[in-house]
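Two complexes follow with chain A in common, the first pairing it with chain B and the second with chain C.
Up next, the complex of A and B:
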């Protein structure tokens, strides 16, 4: 398998009135061709910032730096603005969280679906519309021909998200970044959209970086998972490893917050992680999770943990020396 | 879209009828018309005679309808003061005011929208500050003073353009600039605010994520949505310039509608006042209607209402 995306030590800094907000603090990511990587984490952990940095859509004042940010051999960091624009939309595209506001209210869906491919691939309007109709149909939009002349406000949220998915696929990209694409939808629609993304991803062999806060979603669709906390990846590995053998206290906490049908007795107490995410302004010494961690030791306050690959299941990494020790002992 | 236009038209017509009633009442609220027409030195018999001759003895509803039916035929009667019919006066003055207003609005739009867009794209840079300064000066400077400055520079010193009158299109340039500069700041700032809001919206992020050119993002996706309130404002400003350009008209000795209204008001020339009020109101209504239609063309969501 060839690697579509490789990111090393990605950092995103945002200047604010109270100091520099270090939203992303050194993230490593790699995505193989046709793979679904889920980035999980709670609000404010920097997962959306990561996706925006990958797409190059952060506001101008945000500072992005990385040791490496390579997309299919292209160094995204050194690419000129114009060349980056040529990659964006053509080879990597994005699906957003808010289908209700992500489409321009003033233009027809046909116009918005076709403009990208007409620009990037120089297709004629007829050819572009042909592809749009095909993809709308594949995305489960009824009466696709009719939709081209419709406006966003004439469609429901679920349908608009299907249109967004079709739009992301227009140029057959190698990578799609989906930033919480189901969060704003009804639960029934969520399941349909998830299945759709998974199906299309496998059909077209597209790599997907799927951002979510919902571990239920992750379990259903991910090949690999990266758990984010306070701007860092705290645990990453194959989906099975993460769910069967959660090693970071944060991942363990997240998993124990999910009720399991059949196992969790009705009316029983549901776990929650005490406390909240620390402020991301300025530097953090030690482990960012220590104030909410049951296993925290004195060392956690002073030693900043690194991501360690710990045992046989390949590529399972965790950022917690305490867990790594106990896991090693267990092995 | 046709249904929308038809509905808006109905609204416009009902407003026009309301305005016509108000405009008619204006004449009657100003005192006993027969006495006013007859003059201070007339006898009671003469006043009665005039009352009958002008139909002022009939019920007010009947008077309204007979006035309205002649008004729709553009017959507003004779001026008390000028030796002309009201319609002659207006058809002589209205084109001047319309030319001036349209030119001024053209200049204002031509400057305000690009400047507003530029200020928004270059937010918080010196370009933004400069645009703001131009706007503040335009809002703060009295229009007569700016008009006089223009005359001194371009007419008196440089001899490029005439200082006053209305015989050629050259005569309209300076007054249109003066009037346009007065109308420009509000439009510019509204464009800037609108652009800033739209540029931060989700669908602009979508457009960027498709790798569209900056031109396409700014002009196709953002401007069309940002300009909607500006269209409504432009309509109001043009309406305002039709009736309120009196200062500029005096400075450049353009005999427009504003001057006519001023003369008529100061001489209690009610038929003229009434006709001017009605015409300006009808223009306002027409402009609002046009602005509504333009906005509905720009934003499909407005067509449903």
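Up next, the complex of A and C:
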């Protein structure tokens, strides 16, 4: 397998009136060809900032830095704006959260579907439309020929998201970044869309970075998972490892918060994580999660934990010295 | 003790849609002949996809929208449209989005005490005392009372909305997706709070949600709505163990729990349940 994306120590700083907001604090990510990596975390943990930084869509005042940010051999950090524009849309594309707002209401769907491929690959309109119809059909949109002359408001939310997926696939990208693509949809539609993304991903061998807050979705579609908290990855590993053997107190807390039909006794008291997310302005000393953590020790306030790999073959990594200690003892 | 805390008799709401100047208007049946009964102290979960009429139903129950047909009985009495004050004392809403349901220009204290002022309950001092008592009850620290909604987190705002809803001591709460705008760790806190309050105050809940995991955890009975009609209702066990209607079955099979071994559910097709009712 070849590595499509490799990021080392990604940081995003946003200047605000109260000081610098360090939204992303040193993230390492890597995605192989044909792999589905899920980034999961609560609102404000920096997952959307990470995706925007990868796509190069952050506003100018946001400072992005990294030790390494390589996309298929291309160094994204040193790429000129023009070259970057040539990569975005052609080789990496994005599916946004809200199909209601991410399509332009005043252009036809055909216009929006074909724009990218005509610009990047210089296809004629007929050829581009042919491909659009093919992909709409693959994405399960009924009457694909008719859709090209329709406007976004004529479609339901689920159909619009299918159009977005077709659009992301137009240029056969190597990498798709999907930022909460099913959050705005009904559960039955969500299941259909997730299945579609998974099928198309496997068929075209595309690498996908899937960003969501829903652990249920992650469990069902991811190959690998990265759990984010306060701008850092606190736990990462294969999906089965994360869900069967959650090792960071935050991951454990998140999983115990969710009532599971048939497993959680109805009406019983749910576990919850007390407190809230710390302010991300300025530096954080020690572990960012320590104020909400059951296992916090004195050392957590002073020593900033690093990601530690504790099972060699499966690359399961945890940013918590306390749980790594106890896991080593268990082994 | 009333027989039913909330009773809906054949409730309908139709909207006339104008398609153009010359064509005859068509009728959209947003809610079509819905009958429901909730005994006091029970929690009914109302589930269904977006656009199925859940929120229209909630608006009619709250007296915000007059029904085309049928009636709403609160504690065995018909509440006529003009008498919102009487209704507000018995029935209060909690809305989905705590970011837009609180006035950003009022302090938390003003927001929670406003119902008391409108209903002229007690004097200023007793009002302040009950605001404090209520904020204790919902777990809102007192130092937040003089802050503005913008300074609060989502979970704290939803606690404010709950405190405001409970300050008039109603017996029924209509919760329209109260946790869907919150993170899961906060969602658990709010669900725990709602369950505790129900025990403590003997409340009746109409709990509208599309999250079936949450519904299963919280409710005694479930009603499933599809295209403006109730397609199935029953006890929690009936619906979650032995669903009859294909739409209910489809809904249940699309619940994604964090169990990686299960994979994604089979691709569903609307036609399986569109015509069965």
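Simple rule for what comes next: the second predicted complex is superposed on the first by the 329 of 331 C-alpha atoms of A that agree within 3 Å, B and C clash if a C-alpha of one lies under 4 Å from a C-alpha of the other, contacts with A are read in each partner's own complex, and residues count from 1 in each chain.
As a working rule, a residue touches a chain if its C-beta (ideal position, glycine included) is under 8 Å from a C-beta of that chain, and two chains touch if they have at least 3 such contacts.
Remember, it's a predicted structure, so these values are computed and weren't measured experimentally.
Visitor: Based on the superposition on chain A, does the combination of chain B and chain C result in a clash or a fit?
Guide: On the superposed model, which is not a single observed complex, chain B and chain C fit side by side.
Visitor: Using the superposition on chain A described above, determine whether A:190 touches chain B (first), chain C (second), both, or neither.
Guide: A:190 contacts chain C only, not chain B.
Visitor: Which partner does A:230 reach: the first (chain B), the second (chain C), both, or neither?
Guide: Neither chain B nor chain C is touched by A:230.
Visitor: With both complexes overlaid on chain A, does A:29 touch chain B (first), chain C (second), both or neither?
Guide: Once the two structures are laid over each other on A, A:29 reaches no partner at all.
Visitor: To the nearest 10 degrees, what angle do the lines from the C-alpha centre of chain A to those of chain B and chain C enclose?
Guide: 70
Visitor: Just checking: does A:86 make contact with chain B only, chain C only, both, or neither of them? Give me first, second, both or neither.
Guide: So A:86 only meets chain B here.
Visitor: Based on the superposed arrangement, let me know which partner A:253 touches: chain B (first), chain C (second), both, or neither?
Guide: So A:253 only meets chain C here.
Visitor: Touch check for A:293: first (chain B), second (chain C), both, or neither?
Guide: neither
Visitor: Decide which partner touches more residues of chain A, taking chain B and chain C as the two options.
Guide: On the superposition, C touches more of the residues of chain A.
Visitor: Just chain B (first), just chain C (second), both, or neither: which does A:120 touch?
Guide: So A:120 only meets chain B here.
Visitor: Give me, in Å and rounded to a whole number, the least C-alpha distance separating chain B from chain C in the superposition.
Guide: Here the least C-alpha separation of chain B and chain C stands at 8 Å.
Visitor: In the complex of these two chains, what residues of chain B are touching chain A?
Guide: It comes out as residues 201-203, 205-213, 216, 220-221, 224-225, 298-301.
Visitor: Hey, which residues of chain A end up touching chain C in the complex?
Guide: By the definition above, chain A touches chain C via 42-43, 157, 186-192, 194-195, 198, 213-222, 239-240, 243-244, 253-255, 257-262, 264, 266-274, 276.
Visitor: What residues on chain A touch chain B, complex-wise?
Guide: 55, 57, 85-90, 93-94, 96, 98, 101-107, 112, 115-116, 119-120, 151, 153, 164, 167
Visitor: Using the touch definition up top, name the residues of chain C that touch chain A in the complex.
Guide: Checking each residue of chain C against chain A gives 49-50, 153-155, 183-189, 191-192, 195, 210-214, 216-218, 236, 240, 250-251, 253-265, 267-268, 270.
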